[in-house]
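These are the structures in question, set out in turn.
In the two complexes that follow, chain A is the common piece, with chain B as its partner first and chain C second.
Coming up: the complex of A and B.
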């Protein structure tokens, strides 16, 4: 009986395990082999081991550190902005949404748009001559900033990402807000606590775990950003919007430095793994 | 009176937020209905002479741009990318939910995949696909999209199977049913809503994906998201904005329609994904 069960379990697990080993396990092995090798597209089949050379190249590359800094800054700032705006909208609009749930559809619609398509839309929206936004700014203010210039481009891509993913935070936080037990709210109301105070001392603490999760997910997604920035600016102007993902892409496809791209991939992998481990600890620590 | 004012203010905030959040979509939609002449003379949000000529132009196939091929590639790859994870994860989800098999190591490992930057796997996959002949094929693209969708599929299915009452299963077992028939006759029917959610959410995610489409396809299996970006690379005479806008609308329409039909469900599964992830 026991034996039959464990065989059954293996059969149940086999398809997905094999699939993942093939599609992720094997590439990971390749990652490691080529990461420590001197390799070009011509010598893919017989790479020569070169130790930590690729890693030295990456670490000595200013662009790598710029890209890391960009990704970190982008991830943290967009996640903060999305959670702050999302929290405000979720709580402030909650009475309205409770009465008319369909309103939520309009607020979360941007999430369903592909980030790449969103980036392309902004090529149009921000365009100097045919874009609606510069058009209205010229008409009403008499001037329109160069959205994609070196000075403004970070703010522009930050805003684009934030506008697309604030709905995610909003949705999560609205659900957490609605899940606060009624008696908690009523107790506070009976005690005559003013709404703002009630929010700060009673409701917000109840929503903190969700807020933490929303921040973490948004940070991860912002940190690995690729699509929308890639279609909007490439990595420019002058590499000023190069995220880590774009750095790796360009090292591989534009300059063909396979070893460098893979070494950077491995560094990114290790960093992400450590962050996940840490986050897991934090969440579990809270739970216990 | 004060109450009314407060409600009015809330409606105002809602309207502004909805407008700002959806502004690019709105602007693109409006532009796609303008003639070329009107786009340059009137970039605003109003159309004086609506036209469908841009859509006609988008649907015209040329050597360089073939929207039907892109749509078909996206459809096939997204179907593979959304169905394969369900088929693969369902038995595993049962083992995890009912027998705590793989719960300690495999389950958290897969869930955490969602948080890894995908680019890490893209380059070795490119090399692997090249030697397997999967580069620039719908199957190759579909398979990696299946990997992308796998964590959420596993999570939602485990939760769904956890919610199936154990008595249902035990009754069938008493009657001598084998595991296979328990899975197909009892668990699958009860989990149908969850399966549908996973499918639709996976389809949208796969349809919207860009990075792997960009890296793993070049000509024959280019998906819609990547194909749409080709319309922005000016073929000689600068970007035709009306046509470019129309192509985005076409590319964004399938997930929009699916999402609008399903928005409540998606909310629920995202919540589940977020809390456990």
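Coming up: the complex of A and C.
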């Protein structure tokens, strides 16, 4: 009976496994081959093995390190800001959302917009001659800053990303906040704990796992940022807004350096895998 | 009974498929989507397909990708050896990139008299003709006639103009008719009409420069260094980007950006942003693609400036007046399933009748003066386009090479880095020279 069920499970799972192998496995194997090859668009079918040359080129490329630093900084800062603001809103607006649950749908609306559209929208919103923001700044204050200048562009893309994805942190953290059992809060209140201390010593510790997950997801998303920045500024003056994803895209399509692009993507994959492994061990260690 | 029904359905399906097959055209053409190029190609194709001499199996069908990432998608398709189309779009700056997957073509006997040598050369690579030029792009200088008229008639304004030019450009200059402008006059005019420099200026900015890190912006920029004699390579193939001509041009843009003569966010500006700035009425003059003329001189689309905007070729320099030109065209896929039919269509497209039909339907082919005269009443802009292309058009030495697009990308990155202040002029030119040597070797 058990054997029959096992066979049935295998048969039912086979199409999905096959599909995943084809869809993910084949490109991955091809990426690894190309990452160790001298290959161009003309030699896609007969790449020549060149060992670690592509990896050496990538590691010696200043742009790769600038792009990595940009992605890391962007990922960490946006994740921190989104989680901090999301946490504040989740707690501060909880009574209001409890009374009017539809508010939550309204608050998470920015997440529905695709990042590329968001970039396009801000290209208009921030344009000095057609955008509403510079228009009102000129009208009320007589001047408007250069939102996309080299000095301000990081702050601008950071703000855009934070505005769009804070609702994600808000959603997760509000759910976590609401999941705290009522009797825990009531017990703290009966013991005379003030709201701020109650939050810090009772509620926040219970929300920490969710906060960690929200930070982690937002960091991954911020680290691999591409669409909105690419639409808004491209790789920026002198490559000032070149994220690692943009670096890989430009190396592949714009420069035709396929091996170099894939070597960079393999390095990115290995680094991400190691970070995930480390994070997993840390979480398991804490749980034990 | 059930089997018989299935058989009937099967037969009907086969008949339908066969019918559809015969209705499908056997020459598939991948065109440039959206805009006047698509309308013009559709109109020309209809005329071609209606000809009695064109057999059913040689009729043309059109397909289009989206414009976003068009050339990247085309690159991937061609590299994969696609036979989904017989004829595909190509552009001057990407011929070298695609030549490996395309075959040279032969044009009609009329082609030279219809397009002229300069325009035909925009579709050549390694001395071979890879495409029929369909649309030509070059630069106009757009300027406000009302502002210049007022400046020329005001002695006090002229004195202020001289003071400003002396302060920023090192010599006292006087306003001139735009026909006679050098690039220094362009800069002096831009500074005079800038609020940050001249509080009396009627406009906020004297010009709008497209300085985003984008390859197309480099094409707009190149008309300036070329006027000072710049080229990518000399006859022997040595990279000549670290030249006085490039230095002068790059510095001039930097002076204008630092002085506030172009909008603060110019480092993120491209075609659309520059048009919006000019159309707002807050810019006195700019160098922009010829395609913008339709928008900026249309009273409905640009009510503030349409009536007072005039166009002329970009300013001149010590080595003459120049405008970057590049063409869009159609060429032959090496894996074309119907090579003969495709070649026939391309040959027809290079005839006088086809070029005129394409132009009448909204396209912008670069035509010789004699050919353009035939439709001067309907498309006066094409007379100017053809004239500028043959008189001032240039293609940098190496700008059709396999990695030409990458060279533009490299220059965009390094030059914008200099303008933004993240590196010095020497560093930018040294990095560009080293990168170009690698790309064009």
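Simple rule for what comes next: the second predicted complex is superposed on the first by the 282 of 288 C-alpha atoms of A that agree within 3 Å, B and C clash if a C-alpha of one lies under 4 Å from a C-alpha of the other, contacts with A are read in each partner's own complex, and residues count from 1 in each chain.
FYI, contacts are C-beta pairs under 8 Å (C-beta built on N, C-alpha and C of every residue); 3 or more make two chains touch, one makes a residue touch a chain.
As the structure is a prediction and not an experimental result, all values here were calculated from the model.
In the superposition on chain A, A:253 contacts both chain B and chain C.
Residue contacts after overlaying the shared chain place A:237 against chain C, while chain B stays out of touching range. By the touch criterion stated above, A:212 is placed in contact with neither chain B nor chain C.
Shared-chain residue A:23: touches chain B; no touch with chain C.
Legend: residue contacts after superposition of the two complexes on their common chain; A:127 is shown touching both chain B and chain C. By the touch criterion defined above, A:227 reaches chain B but does not reach chain C.
More residues of chain A lie in touch with B than with the remaining chain of the pair chain B and chain C. Across the superposed pair, chain B and chain C both touch chain A at residues 44, 123, 127, 129-130, 253.
By the touch criterion given at the top, residues 69, 72, 75-76, 78-80, 97, 100, 211-214, 263-265, 267-268, 273, 276-277, 279-280, 282, 403, 405-406, 409, 413-414, 416-423 of chain C touch chain A in their complex. The residues of chain A lying in touch with chain B in their complex are 5, 8-9, 11-13, 15-17, 19-20, 23-24, 26-28, 30-31, 34, 44, 89, 92-93, 95-96, 101, 103-118, 120-125, 127, 129-136, 163, 166-168, 171-172, 175, 210, 213-214, 217, 220, 223-224, 226-227, 230-231, 244-245, 248-249, 252-253, 258, 261-262, 265-266, 268-269, 272-273, 276, 280. Only residues 7, 10-11, 13-14, 17-18, 20-25, 27-28, 30-31, 39-40, 43-45, 84, 87-89, 91-92, 94-95, 99, 101-102, 106, 108, 110, 112-113, 115-128, 143-144, 146-147, 150, 154, 179, 204, 207-211, 214-215, 225-226, 228-229, 232, 241, 244-245, 248, 251-252, 255-256, 258-260, 263-264, 267, 270-271, 274-275, 277 of chain B touch chain A when the two sit together in their complex. Put simply, chain A touches chain C in their complex at residues 41-42, 44, 123, 126-130, 144-150, 153, 232-240, 250, 253-256.
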